[in-house]
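Per-chain residue numbering starts at 1, and chain names A, B, C and D are given in the order in which the chains are listed.
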Amino acid sequence: MSNSDYSEQSPQTWRDKWYEIIFEADTPSGKLFDVLLLIAILISILIVILESVSSIYLPNKVLIDIVEWIFTILFTLEYAARVICARRPLRYIFSFYGLIDLLSIIPTYLTLFMDAETLTRLTVVRSFRLMRVFRVFKLTHMLSEATALRQAIWSARSKVAVFITFVLIAVVIVGSAMHLIEGGNNEGFNSIPQSMYWAIVTMTTVGYGDTAPTTVPGKALASFMMILGYCFIIVPTGIVSAELSQAGSGNSKKVTTQVCPECMSEGHDFDAIHCKYCGSRL
Amino acid sequence: MSNSDYSEQSPQTWRDKWYEIIFEADTPSGKLFDVLLLIAILISILIVILESVSSIYLPNKVLIDIVEWIFTILFTLEYAARVICARRPLRYIFSFYGLIDLLSIIPTYLTLFMDAETLTRLTVVRSFRLMRVFRVFKLTHMLSEATALRQAIWSARSKVAVFITFVLIAVVIVGSAMHLIEGGNNEGFNSIPQSMYWAIVTMTTVGYGDTAPTTVPGKALASFMMILGYCFIIVPTGIVSAELSQAGSGNSKKVTTQVCPECMSEGHDFDAIHCKYCGSRL
Amino acid sequence: MSNSDYSEQSPQTWRDKWYEIIFEADTPSGKLFDVLLLIAILISILIVILESVSSIYLPNKVLIDIVEWIFTILFTLEYAARVICARRPLRYIFSFYGLIDLLSIIPTYLTLFMDAETLTRLTVVRSFRLMRVFRVFKLTHMLSEATALRQAIWSARSKVAVFITFVLIAVVIVGSAMHLIEGGNNEGFNSIPQSMYWAIVTMTTVGYGDTAPTTVPGKALASFMMILGYCFIIVPTGIVSAELSQAGSGNSKKVTTQVCPECMSEGHDFDAIHCKYCGSRL
Amino acid sequence: MSNSDYSEQSPQTWRDKWYEIIFEADTPSGKLFDVLLLIAILISILIVILESVSSIYLPNKVLIDIVEWIFTILFTLEYAARVICARRPLRYIFSFYGLIDLLSIIPTYLTLFMDAETLTRLTVVRSFRLMRVFRVFKLTHMLSEATALRQAIWSARSKVAVFITFVLIAVVIVGSAMHLIEGGNNEGFNSIPQSMYWAIVTMTTVGYGDTAPTTVPGKALASFMMILGYCFIIVPTGIVSAELSQAGSGNSKKVTTQVCPECMSEGHDFDAIHCKYCGSRL
């Protein structure tokens, strides 16, 4: 019985240890695994990027293809290990990272059966694996920063939603108006979607210049819209700025929850030894 | 008498119920009506947008025209219902939303009597109905967010007015100076309005590039203006940011929910020992 | 003697009254004068702007010239009145507004003796008179807003100076580097001033596109610089935002300077009746 | 012995005095030296800039070359003086400023042995010496401003790092997606690095327009990315703004200058009655 218990515990321990290394990152070996994986992902992304430059790819076709296959096999082994170790394999497989992990190895295997050129472009899906960087960040002191950022953005979400709704309405209305004004004689405004694309390019102050108004009323409306867009950029900046200011001042407020045992006063600093109102020891 | 009273109260109740559904949105049926109307407006906008793309419109002319007519009739019925239910029909008809509602159904009817091509473009007025989205927002928790935004923008209005006046003066002066410098040999600066259009495009950092200085003094002045515009974007951002910060910190003002047991006054500070209005111990 | 006193006092009063109307703006007549002058300046600016558009000017040459002369004579009379009324005429003449007032009437008179085309462009100097708008603002509640803005910008001046120095060094270094990299084969980078112009256009995110890197190292450096410029826009925004926040919170801090007569505690709210620490009447 | 002591002390004093003048800036002579050096650097930079403009350089070749040599000899003497005076000469030579000082004089000497045209471009390295401006700033009241700025940026570093990582991931993913969508028929997207360059140009709202999407899905993705980039600019602005707000409010933290008469501790709140460390009455 103790033997059976031991044998049962043994593979459990073996899987647990692997789980700890692969999925968690608060042990030295787990951290090392994640850092090595991250480096491998970065190099593999670099290979995909270089592969797309024909002047680099064509002379080094064989070398790049071999490196590509090495990484694909490594990531396949990693994927298999993840599925085996995961306590709930199906949950991992259908999670966001699980699907990205799968999608980042499939295109290379498909090149065995199909036309290469289309598939080379599909390996680009692997780029999404770069998001794993954030998991390694979780280990470092950046966790709290990322959390603070996420909270600030989250608490500003409904304000930003109201704002984006308003921007989109402005884009539709101005886009339609510009189509009405410039539509006849300007190629870039000959449909409302085209005009809306121009409106987005203008309101975000990107301003490619591939489409630009040419008539006087069109230029006047565009000028008005630019100043509007200029005013618009202010509002969400102010929102997030205010949210972060408040979140920050909340975090940095060094006040204990301790209550004075004598006068029950609150709001003492963390470094306070005596109650600042009645002088009794905290 | 009770009968007459009942019969008189009956249509009143009927109109009141419709009014509640169409104009208000704090009952389940009123909310449902507004959400359905919003979906209908969104689809109808999409139709207008697609109608402007000749490659989509020409093969599906009949289908799009039928859908267009269905929505026009639906919105006409809705408009009629609004006029009937409204307690002050004239006030609704001449309100902003009333005029938009009317203008968004007229162009389609005019196509029966007039040349279609011009009118297709006029249905674009319907885009303004998208602003109804905000009415539905009023129901949700976004109301307070929208109010906070509006208050922050409103309290910053005179600062923003001073700012925009200064921007416009800068646009006139720099526009005139650029016309003076570049006017002779650059098509894009051959009149002051043209130069002012360029100045707005540059100061808002949109920068199409359809008009750009070509002479050395022109480029020098443009460089100066860009750095000025770069500095300008800071000021209103800071204004709204500060307004929102204060609005936010005003809300989160460290005030207890404690009520004075003597004078029932509220709004005491967290560190208050005595009521600040009547002096009795809290 | 009293007669002489009277006669001496009479023109003094007459000049004082005119001074009050022309230079000050806190009496109804003075305010009216400034508002009328502002309208005249706005119309005269509009005339100068329209004059530069040949399609508008050429058919209405006589009308526009007459209106131009009417405004010039009006502004000449105003200038004469200012010189007569001013307590220290020389100080006014050599003040900023005095010089602008003089410069805005001279070009029209010069057209009597000289070639018209050059002078038409010089009347543009009148645009600077638009700055008078701010004097009228002084009357309204916008004064405090403008003051708050000016104070915030002034208190941030040394931070902004450090910042602009850093931006200019970055422009010189990146401009030189781009000249080194792209200089040989790209027309837009064939001298350092040209490259610096490009660097300013890029760092301020205007991005005309008339000059753009074409080589791989040039594009890499440009990408780096854009992200740098993207980070740069944050810093001064944060500075002014923080300054305004503090200026605002200083203004809105509703704390009396009153001290509790019993316990000498400070920091009482404006609406406090009793000391919040010891409960005695303030 | 006193003589030997004197003679030994004498060169020490001589080197110390020179060290004070050249390296430090808190004595009048040291300040004067730094200001004069700064002016010399500015003029020499101007010469390098003008040298690159062929229309200015060619007619004044001899004059510019002479001025160039005068500055090179001056800077060589300054470099020698620095090496002699420095307490740890090697440490200075291999410091950042030491290397810049050396690199800014070498190119001119190399023109004696090598082809001039390449070397003219190398003197551009001297631009880095402009960074010395900050050393002179240390003398002025701008020191504290620069320190406040540096601290705010430093305390925001991990937030900004998280942010930049996210931006770079977005650039890789969107760049790859655009290469996939537009790659076939648009010159500007025929490799992933090209697409990433476009993505950076777009997300930073520079928008040259040399590369722009032409297909409908490409324009849709670009629109989405612009709104994303528009939202992105908000976050770091908010971060730095909040950091600076807190740094500012930290400085103005409402702390009395009162010192506890018993334990001599500082930093008591304005509303403290008793010392929070020893409990004695303040």
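Please note the rule applied: a residue touches a chain if its C-beta (ideal position, glycine included) is under 8 Å from a C-beta of that chain, and two chains touch if they have at least 3 such contacts.
Just so it is clear, the model here is predicted, and its values are computed rather than measured.
In this entry, chain C maps onto chain D through a rotation of 90 degrees when their C-alpha atoms are superposed, rounded to the nearest 5. Interface comparison, A-C versus A-D: the higher number of contacting C-beta pairs is recorded for A-D. Each chain's centre was taken as the mean of its CA atoms, and the one lying most distant from chain D is B. Centre to centre, using the average C-alpha position, chain C and chain D are separated by 30 Å.
A separation of 42 Å divides the Cα centre of chain A from that of chain C.
With each centre defined as the average position of its C-alpha atoms, the distance from chain A to chain D rounds to 30 Å.
Residues of chain A found to touch two or more other chains are 193, 196, 205-209, 233, 237-239, 241-243, 245, 249, 277.
Taken as a contact graph, the chains are fully connected, with every chain touching every other chain. Against chain D, the residues of chain C that register as touching in their complex are 158-159, 161-163, 165, 169, 172-173, 176-177, 179-180, 183, 190-193, 196, 202, 205-209, 212, 216, 219, 222-223, 226-227, 229-231, 233-235, 237-239, 241-243, 245-246, 249, 263, 265-267, 277. Of all residues in chain B, only 45, 48-49, 52-54, 121-122, 124, 127-128, 130-131, 133-134, 137, 141-142, 145-146, 148-149, 152-153, 160, 164, 167, 193, 196-197, 200-201, 203-210, 233, 236-237, 239-245, 247-249, 252, 270-271, 273 touch chain A in the complex they form.
Residues 205-209, 237, 241, 245, 271 of chain D are the ones touching chain B in the complex.
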